[in-house]
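Next, two complexes with subunit A in common: one pairs it with subunit B, the other with subunit C.
Up next, the complex of A and B:
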């Protein structure tokens, strides 16, 4: 059967906050837009973002974008690009107002203005008093935004391909992206979508680690598509871990538990944080607590039959305190850990939460294909959201800046695409060889016979990532990990599907996701091995200091030969003076 | 939403509908589907298919947040989902 083809001005892969905000700008400008999403759009991972969106509206306390910019640069441990950060913090304000006008039900003050709450890492006057910068819609901000943007896109006649899986970018010999091959999950039939412009908005990749707070859909699909198109990923070594996820499952147990008096113990019942952080103890910063937990487990003090986690003790708190101040924790622990925290401690382990790195872009969402400090963008290809790296989070992301990132850069990419399509009205000729290569890759999974199952190799891979490229990063272990992951990549050839039906074949979709996970996992492991310093979320006990002289630069990783290169951090903002690197103290 | 009898047996489709935006729901709904769906009455199977159409925060509030649906039939389904073993 001939391959079905469709043509659009813009193809957007992913229907979270970034993809939908971009799509809305485009559809409102009467461009022909296709949005491809592997799940129904309002089930994208943006829905899990409860916190809110930072914008210096100054509705509750004095604020301005320049203070927001300072906090973000400092939070990034000076690895963020200051032009992009200035742009994001300025554009935060019109972005939030536009969302409000589109119908997002932000929580309000008595005077009718948008309510703003205080979060860690927010300051007034460049490191002074606490600021209140986060706009929220109760505790369902992500859902409210996603729902509003989806409804607005339906009104604006965006064309949705729901439950379609993006397989590969299609590329011509000049390196230009012509669209993508996608797979209809319901029928198993491929579809070629040709586009003048393509935006990757496929979200994060937390599923590379065994323990993650990310939904099952977060498999780094867009990142891996970019790697396969011979383009780089940037700063992939920077991955934020939350110290207390439910062991072996990953669901977050909020920091509030330790704030209310909960504490961590090892198999001997020792309160081990006293040893690693004598003053702050269990309230030390996230990275310190996470590394302490992993150290305890590595030193043989872990709990359980596999000795692979520690315990979070809360049963010294009254049932009343747990019910009132920690709602949801008791139910979560009962369901996912099988313990009632009123009686027994909760098994916990650090859980992979957010990737700061991603597809390198400039501040307009345009993909940057080279390591040249003054390099040109790749015309027509864009990325926004967690899959992209603008880079505004640098080595560490602040709370409230992730929803902001996806919304601002989704919107700005949309605006830039409108201008691009005005100047580039025609589709470029299709490159059949690229389509055939992608079809062959897809067809490889039709092979039958004995072999490993997808879940066997996935389990091996995710455990290897956790052990060798997770929280605890020292040279020998990481080098061993890179070799092991390369072996996992070889083993992909031995994997066979157990189900060869066409319709809703989850086994096949998971095989394609596994290929993506492994490619992205290697990007993380190789990038992390070679960064010989500690900065932000990347912590190396063997190189415990930040090294600005040598390492104030972005890592770029290419899949071909697992090659690395580096480019400078953009320290010059657009209209204000640069914030020079200082020691990060809170 | 019109649900045909043939939809009740389409486990592969339902498995994909259990892919959600929140890890908690992924784990809980997939486990429920694998462990309990087959044994449900046709009436409850229909409820489950309808149930999957609710937004994630609503499903989360019902299954994990301790809230209860007003509708008795959804409440019956939610109590079965809550009792699913995922440990």
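Up next, the complex of A and C:
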């Protein structure tokens, strides 16, 4: 049967916050846009974001975007690009107002303005008193934002391909991206979508680790598609472990709990963060809190029969505060930890949460294909959201800055695409060879016979990642990890599906996801092995110090022979003075 | 623990059938974990799921006769053997996966987006905490479909009656102090079917995994209509 084809001005892969905010700009401008998502849009993982989105609205405490910028640069452990950070922090304010105008049901202050709470790593006046910068809709901010954006896209009549799985980017010999091969999950039929511009907004890859706050669908598909198109991923060694996942399970307990006054205790009831971060205490940056918890447990101060977690104490807050500000957390703690936080503390331990690295873009959301500091972007290809790396989070992301990142850069990518399509009216000729290569990749899963199952290899892989690329990383352990993951990659050849039918075959999509996970996992492990310093979330007991002379640079990883290269950090902001690297204390 | 699971693949089965599986029950296990364990035994078994924590709304299924989200349904609360079926009244695509397009179309019918007529302020549209409180119990809907697919009126008149989820959403916008299309919204709900086919049977309330109350929302809309009529 001939392969079905469709043509659009723009193809957006992903219907989370980033994809939907871009789609909204494009649909409002009457461009022909297709949004492809492997799940119904409101099931995208943005829905799970709890705490809120940062913007210096100064509704509760004094604030301005420049302080927000300072905190973000410092939080990034000086690896973030300061031009992109300045842009994001300035744009945060109109972005949040626009969201509100679109209908997001933010919680409110007595004067009718948007409620803002304190989050980790936030300060007034360049490192002074705690700030309150995180705009929240109770503890369901992601849900509120995602549903609102979807609603606005219904109004704007955006064209959705729901439950279509993107397999590969299609490219021509000049390296230009021509669209993507996607799979209709319900029928199992492939579809070729040709587009003048393509935006990757496929979200994160937390499923590379065994214990994670990320959904089953967060498998780094877009990142792996980019790798297979011979493009690099940037700063993949920087993976955030959120300090407070429900112990043993991984579901997230938002930092907003600590923002509202909750704090961590060890088995002796000591408030141990006072020891590790005397000023910011429980609201120190996430990497700092996560390491402190792991250290406490390793030093024998853990709670529970296995002494393998710590406790998050909330019961000193009034039931009213918990009911009003943290209703979702109370529900989750009851269901998954079996405790009512109004009465008892919640058992917590760090959980794999967020990838700072991703598809390298400039501050316009355009994909940058080389390690050249003054290199050109790849025309027509964009990336935004968690799959992208602008880079605004550098080595460590601040809570509340990711929703911000996806919204600001999703919107911006939308605007830039509108301009690009005005000047590039024609589709480029299709490259059949590239289509055939992706079809062959799909066809590989039709192979029958005995072999490993997808879930067997996936379990082995995720355990390996957890053991060898987790919170603390040392040379031998990581080198062994890289070897093991390479073996896992080899074993992919031995995996066979037992189900070869077409209709809603999750066995097949999970196999495609496993290929993606492994490619992305290797990018993380190889990049991590080679960075011989400790910076942000990348913590190496064998190289405990940050080394700005040697390592204040971005890592680039290519799939072909696991090649690495490096490129400079953009330290020059747009209009203000650069923040020079300083020691990072909280 | 034993599970009797609905199976149907249109490519290979002429008819649906129930299949038994046995799963070793671990502490704290949810129904989703059991379904995943079943999937490890038989890779051809299919169901939707994603977040694992009751926020994405993917994994609504019918369990021992009631609609639930598998990921937040503790096995300890289910009677052995557990019977797992797809949502009632929806066309089955495969196994537990049903076609929800009609449910989504109904949502679209209530114009589920905030509508303003006045020009927008530069900053946020102000809303008091009390006005914002009106949205609680309405905005949290995750569109899982547990309610609508448990509603007899929805089964009989899916093309005419909007169903509890869409009506709850309509109420969410009617209740929003910032929305300025109240009249149009009410006009669109007029007639004997769209709203008024609700016979307050309350199956929707019982089914909602987020503790929302569509029946109350529907009553609320009726009350506003009545007030407007007078």
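Here are some notes:
Just so we're on the same page, the second predicted complex is superposed on the first by the 480 of 586 C-alpha atoms of A that agree within 3 Å, B and C clash if a C-alpha of one lies under 4 Å from a C-alpha of the other, contacts with A are read in each partner's own complex, and residues count from 1 in each chain.
Just so it is clear, a contact is a pair of C-beta atoms (placed from the backbone, for glycine too) under 8 Å apart; a residue touches a chain by one contact, two chains touch by 3 or more.
Being a predicted model, the structure only gives us computed values, none of them experimental.
In the overlay built on the shared chain, the residue A:486 is in contact with neither subunit B nor subunit C. Once the two complexes are overlaid on the shared chain, A:143 sits against subunit B and subunit C alike.
In the superposition on chain A, A:47 contacts both subunit B and subunit C.
When the shared chain is aligned, no partner comes close enough to touch A:66: not subunit B, not subunit C. Contacts of A:497 after superposition: subunit C is touched, whereas subunit B is not reached. More residues of subunit A lie in contact with C than with the other chain of the pair subunit B and subunit C.
Judged by the touch definition given at the top, the superposed model places A:530 against neither subunit B nor subunit C. After overlaying the two complexes on the shared chain, residue contacts for A:114 are found with subunit C alone; subunit B is out of touch. In the three-chain superposition model, subunit A touches both subunit B and subunit C at residues 39, 42-45, 47-48, 140, 143, 147, 186, 215-217, 249, 251, 328, 331-332, 335-336, 338, 501, 503-506.
Those residues of subunit C lying in contact with subunit A across their complex are 9-12, 28, 39-40, 42-44, 46-58, 72, 74, 93-95, 97, 100, 104, 108, 111-114, 116, 120, 122-129, 131-132, 135, 139-140, 142-143, 176, 178.
Residues of subunit A touching subunit B in their complex: 38-39, 42-48, 140, 142-143, 147, 163, 185-186, 212-217, 249-251, 327-328, 331-332, 335-338, 501, 503-506, 509.
Within the complex formed with subunit A, the subunit B residues making contact are 10, 12-13, 15-16, 19-28, 55-57, 63-66, 82, 85-87.
Considering their complex, residues 39-40, 42-45, 47-48, 57, 96-97, 100-103, 105-114, 137, 140, 143-144, 147-148, 151-152, 154-155, 186, 215-217, 249, 251, 328, 331-332, 335-336, 338, 453-455, 497-499, 501-507 of subunit A touch subunit C.
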